[in-house]
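Below are structures written as structure tokens.
Paired with chain B in one complex and with chain C in the other, chain A is shared by the two complexes that follow.
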Partner chain A sequence: MSEKNLSDQSTRSNQASISIDWSYANAPESTSHVSFSKHYGLFIDGSFTEYNENQSFESINPANGESLYRCTEANKSDVDAAVRAARKAFKGTWGTTSGTQRSHYLYRIARMLQERAREFAVLESMDGGKPIRESRDIDIPLAAAYFFYYAGWADKLAYAFPGKSPIPLGVCAQIIPWNFPLLMLAWKIAPALACGNTVVLKPAETTSLNALKFCELLQDIGLPDGVVNIITGSAKTGEYLVQHPDIDKIAFTGSTGVGKVIQQSIAKRQLPATFELGGKGAFILFDDAALNEAVEGIVNAIFFNQGHVCCAGSRLLVQEGVAEKVINLLKKRMQHLIVGDPLDKNTDIGAVNSKEQLETIQRYVNTGIQEGATCFESSGHLPTSGYYFPPTILTGVSQSSTVVQEEIFGPVLTIQTFRTTDEAIEKANNTPYGLANGIWTDKGSKIFYVGSKLKSGVVWSNTYNKFDPTSPFGGFKESGKGREGGISGLHAYVKLDHNGGMY
Partner chain B sequence: MAKKQTSDDTSQINTMNSIPKTYKNYINGEFPRTESGRYYSVEALDGKHIANIGLSTRKDVRNAVQAARKAQASWANKTAYNRGQIIYRIAEILSGRREQFTNEMVLLGYSKEAAELEINACNELIVYFAGWTDKIGQVFGSVNPVASDHFNFSRQESVGVVGIISPETPSLLGMLGLLLPNMVAGNSQVIIASKQFPLPSCTFAEVLATSDVPAGIVNIITGLKSELIPPISKHMDVDVLVGDCSLDIELRVMCELESASNMKKVYFWESFNSLEELNSSPNETISTCLHSLKDPYHILHVQEVKTTWHPISE
Partner chain C sequence: MIDRIPIDAVGIQERVARVCTRSIKKESKLQALDLALRMMDLTTLEGSDSEGKVRQLCNKALHPYTELPNIPSVAAVCVYPNRVALAKSILNNSSISIASVATAFPSGMSSLIIKLDDVKFAVSEGADEIDMVISRGAFLSGEYAKVYDEIAQIKEVCGTAHLKVILETGELGSLENVRMASDLAMKAGADFIKTSTGKISPAATMPVVLVMLQAIRDFHETTGRKIGMKPAGGIRSSKQAIQYLVMVKETLGNDWLDPSLFRFGASSLANDVLMQWIKEKTGRYQSLNYFSND
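The block that comes next holds the complex of A and B.
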């Protein structure tokens, strides 16, 4: 054994002296164990409606641009049926289900997701383009964790609201984006059900698959009909849903632009609404930080999930003295990032979710260059079919540059420098957004000083893009209203009766 | 001083006491007149003229928001203990002006009993909220047991600048009910005073001016809600709008609609009571009102939760 090791090592050192190819061999995740239908109806009142080709749209695999499946564009009467089913369940079965029973259903969902994790992970990568390493290690396990966490709250709600009696809101209309399809579904459905609500959820147009597969799982566990209804479709379907007169709550995750339209559209209704919107997170790097670690942090902050992350650290603010060194380290690191097949386990950056999004990213980079930015793209190979964008940094930008102020939602990092701590804070806060920011420094007191002055719902210090069901997430300013995760996440799904117990 | 008082002197003092007051806006710790030069007249029940009240405009709103923004960070950064004492101090000063408030409220149509009960309730509410400054974070903040090697905690922070649309009645208790949670939260505010009963609001500004509340934290402007709500709900540097459901429905919808411009948080409380209710059953009305106002969740609505992560390693 030990001899073999020795000989291995000697072989290796011999090889090192000759020219070798360090690139990884292909390591594709098998798709043989996953199955999905070529077309789907809507999931209403516990079963799938019949699929109708004339009322359908295509979902493609962004990794190769090929058709993956077709699903149903829910129209007004479909939305009606879904809301009706949710109302019926709220008034009937689910309304009389005890907290203990609700918790048992939610625990079971969590366990089933764990059991079928591999399948959901592969489908998530095929449908949305994200690297299998991320869907396998982050999206799916976290989705299960959110269900497990909120399952435990269902029979303990009184402890979450001292002095109050929590009452469910009723039928919740939920709309989720395409960047974390199953995880966002979990963020929405788990707390809503734990609090005793029923839901009608619309997944994003380009990523419906796992939401539909999730319905199979609900049927398997025997969740009462109508408690969860999944309606697929475009923005039009979403509009029918938020305009529906018989919903009691709206929870929306998506762009700030659409969030504002929804807020305006419900102005007359006094409808509880929570929003998780865009972001333009700053990654503040001080000169006393461990720079090599920080560069890994930057890579995780902006290139995670192709940069399709509302809380992405898309603006690097680096202290002047180390700027050159950091940029060089980062450029070197970027050259080693593998952009390619989402299903390959070595892939760092997968496919951009859609053709439209790829065009948006390209347009923003062009705008940046037109406004005077210097663009550096990693020079690695990009697949020829499908939608891909290389890791990119833009230097020579100013605070007022379009690419500094607006969310790009792609693997594009802007870089600015600062001299003093207060200047860094000022620049970090100077966008309409306030979702997340990062601080990298070895000095603890500085972390708390800067952290307390950043206007954002999340502060990652010496780390970035970490999520946990116990940890509230959500934005200040134009990044949203309300929180998801933790006890705060329950607030979004209850009415609180002032019981006067604390008077 | 050494001069002996004559009866003539006494009569002079009485005359001075009855010099009517010019009611003005309260912005940045000062009492400027509205820049509009317009006013409306407030009359007593018997129709007698009491005062001219300024009809403020967009410019006054803008000045007030500017002052509020400038002052906000330093208010939020004060220690919770300090903010608690400053809020408590408001009750000390308010108590010294009981009679002034009672007289103004009676003049405007309050029964004496209702006025006195309302002022008592105001004092109670101020002291109640003063006590929350250093407790709200302990009760509602959390250390979150994340499933990784990170220390993770969530705490409430101020949102920023708040536009407060005072209910018409109860004129003082209603305004304080909306104001105090925001002061505890660390926000600064621009208050649109009750149009029907502006005197207690304006007099409250004098309480603030002589208390320890820093300039700019509370700004009070008078005028028509229909003229002042549009600029405040559209203002891009206002973060929250707070009012109650007794507000005209069209104005309420406007608040919701315009607040989308910068995703303001909008928070409308259940309707406050009318003057008729206050006068007919003051005890019950005030105690019910106080009961619903004494609620720390009103503070949570005007705060943001911030979650901080830090790795744990050797």
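The block that comes next holds the complex of A and C.
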């Protein structure tokens, strides 16, 4: 370094005292440490089947619309093979594995997820479009946390069900959505294995990558063959799976529409099933709340994961006296949300998961405007390629508006006002859904009063979209049945009506 | 007179945590370091401040790093009233302002007459900016009008000098009180609100500063007046300084990214900023031995 050089460079020093237009330079997360195959077979009985180009489909990186990898569309005979492998493992190795040993396997999975967290986070963002900030700080750590939590239960099931003898159900068919690919896998697989079941899991068509990478992890930790089988594919594959005669349990997370179809198709069978479906959560903001923090809460409630969250707080119900102030604060806050490359560490809102979903969101917003809503979008820059939608609020909507009634599953918030507590409760409950709601007030008694009146599986107070393995999660009404997480999550994977169980 | 506005401490901490996830690199980091240097109030407030010590500080302000003659200079030096004249004589021909603490700093435990005289003296010696302390005892016992009147009267004797009002947030006990004291100080005529004297721990923290920035934003919204912000004490690294700047930008907007509206009160921050600045320019860290300790 020559001193002269240094001085020359420094002549840029800023003499002006006018404020600068300071923006953040790109801060992309490195992808050099991740690797994945260009094409994948199915993971059945402990190994990958051979990839066949004629029986495959493409997965797109939603950040740029380009092809990322191809994977196999599991057909009927593939599904048969997967269920057969799961049955064999259930009758054989896994059936004779003690709770303590199962616990050890689950702990190993959890630790490996932690060790390889960066890799899984980057892949999650590439595959699904969610910002690296979220996959790094929320998705992957939480997925590991669920495995840790259920690892703890595997050898203590007798204590979870005092006086009863829990026995596993058998082969569990599990279908998960694209909004939290690895986390939903953890929600499904961890309690199933803890209770001694085996699994055939189908990830969503657009987000198979981390489920397939997870299979590599299972091979690394030496989980017995056939205990977990991953079959990729479209709705057709899912249909084969839920209609398979040799499954003992269905666990489905996804849209209410598909959930209804599955329920119809299994109506004639005595099959335990849990469903975690759509939602249209209300974010009830009282005038005595801490408004600045509530605005931050709204951001977490609706702009988290591009709004692709079943429990999203997609309806803001704000008390009339503070509505104008809150909307004003929210608009200002929205201007600082960065929409863009999911792998950039400063991105707040990444890419919408697929072209189809982007079109759905756009259609809903158009419908809202046609029905008289006023639309406000943040004015930030959007990338030109890939699937992006700006954070959006719709005001001037009412209870009868389509956008208030139906789940949009995008970064779109509807805003309604209310006058009294009872009016807020009525509006919050006046929907076919009942997954989650939020209450914002400085007054503790009001939290308990309103909370007890809300018909939803989750009620958050002065926070939103908080998840924890110890806490049950699930819906009322058309948002689903059964609970995942906590001790309740074990119920969905055991039979209790037998004498003399496995312990 | 002043509303008590509910603050949710957990929510504030979450917002701060999110601010801290911003990754500031390359050109935006250089801009931030440049800003941090220009926003600095280089401070010495010790009972042991001799003429020599103050002279040393002023020289540092004038020549932060001799190898880089064009490096931006700091905003001000901050000293006790009896060192103002000396600082003035050294910095007379520069753009650097002289800030002086006053009003029975740091406790403020004296009569209003003495506090006013303290301010008058500092101004007459040539202080461009007065950093006063509020009466925390009065505030905590609910004598808001008394605190308000003190600030208003001190503002009056400041004349053309800018008034920074130190809330000493480490003694206020809650974020609600921080917000209330901020609102009160701004209404009473503060040009800047400032967190701390540096004599009480904790000094500036990000949650406290976020609450104060929100108060400034709301005050601007209702009155149209832009009040400045000065966190002081505890900010030692460039990384911390940059996180504060992110918080300012995302709460108040780019308008406040200016020394006329935002200052860092710090003594050891300067060298770290210089070091990072040189590292960004050259790709290498200089040995600490190359930076003068003042």
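Everything that follows uses one rule, which is that the second predicted complex is superposed on the first by the 479 of 503 C-alpha atoms of A that agree within 3 Å, B and C clash if a C-alpha of one lies under 4 Å from a C-alpha of the other, contacts with A are read in each partner's own complex, and residues count from 1 in each chain.
By definition in this document, a residue touches a chain if its C-beta (ideal position, glycine included) is under 8 Å from a C-beta of that chain, and two chains touch if they have at least 3 such contacts.
Keep in mind that this is a model prediction, so the values were computed, not measured.
In the superposition on chain A, contact of A:Thr463 is made with both chain B and chain C.
With both complexes superposed, B is the one of chain B and chain C in contact with more chain A residues.
Once the two complexes are overlaid on the shared chain, A:Gly279 sits clear of chain B and of chain C alike. With both structures placed on the common chain, the touch criterion links A:Ile447 to chain B but leaves chain C unconnected. Residue contacts after overlaying the shared chain place A:Lys268 against chain B, while chain C stays out of touching range. Within the superposed three-chain model, A:Pro432 lies in touch with chain B and out of touch with chain C [touch as defined at top]. When the two structures are aligned on the shared chain, A:Asn346 is found in touch with chain C, with no touch to chain B. Using the contact criterion defined above for the overlaid structures, shared-chain residue A:Ala25 touches chain C, although it does not reach chain B.
Note: residues 462-463 of chain A belong to the chain B contact set and to the chain C contact set alike, using the contact criterion stated above. Within the complex, the chain C residues that touch chain A are 5-8, 10-12, 14-15, 21-29, 31-32, 34-35, 38, 67-72, 214, 221, 245, 249-250, 254-261, 278, 281-282, 284. Put simply, chain A touches chain C in their complex at residues 1, 3, 6-7, 9-11, 13-15, 17-27, 133, 137, 288-294, 296-297, 328, 336, 345-346, 442, 462-463.
Touching chain A in their complex are the following residues of chain B: 139, 142, 144-148, 150, 152, 154, 157, 159, 239, 253, 256-257, 259-263, 265, 268, 291-292, 294-297, 300, 304-311. Against chain B, the residues of chain A that register as touching in their complex are 145, 162-164, 256, 259-261, 263-264, 266-268, 270, 275, 277, 432, 447, 451-452, 456-463, 466, 468, 470-474, 476-481, 483, 486-488, 491, 496, 498, 500, 503.
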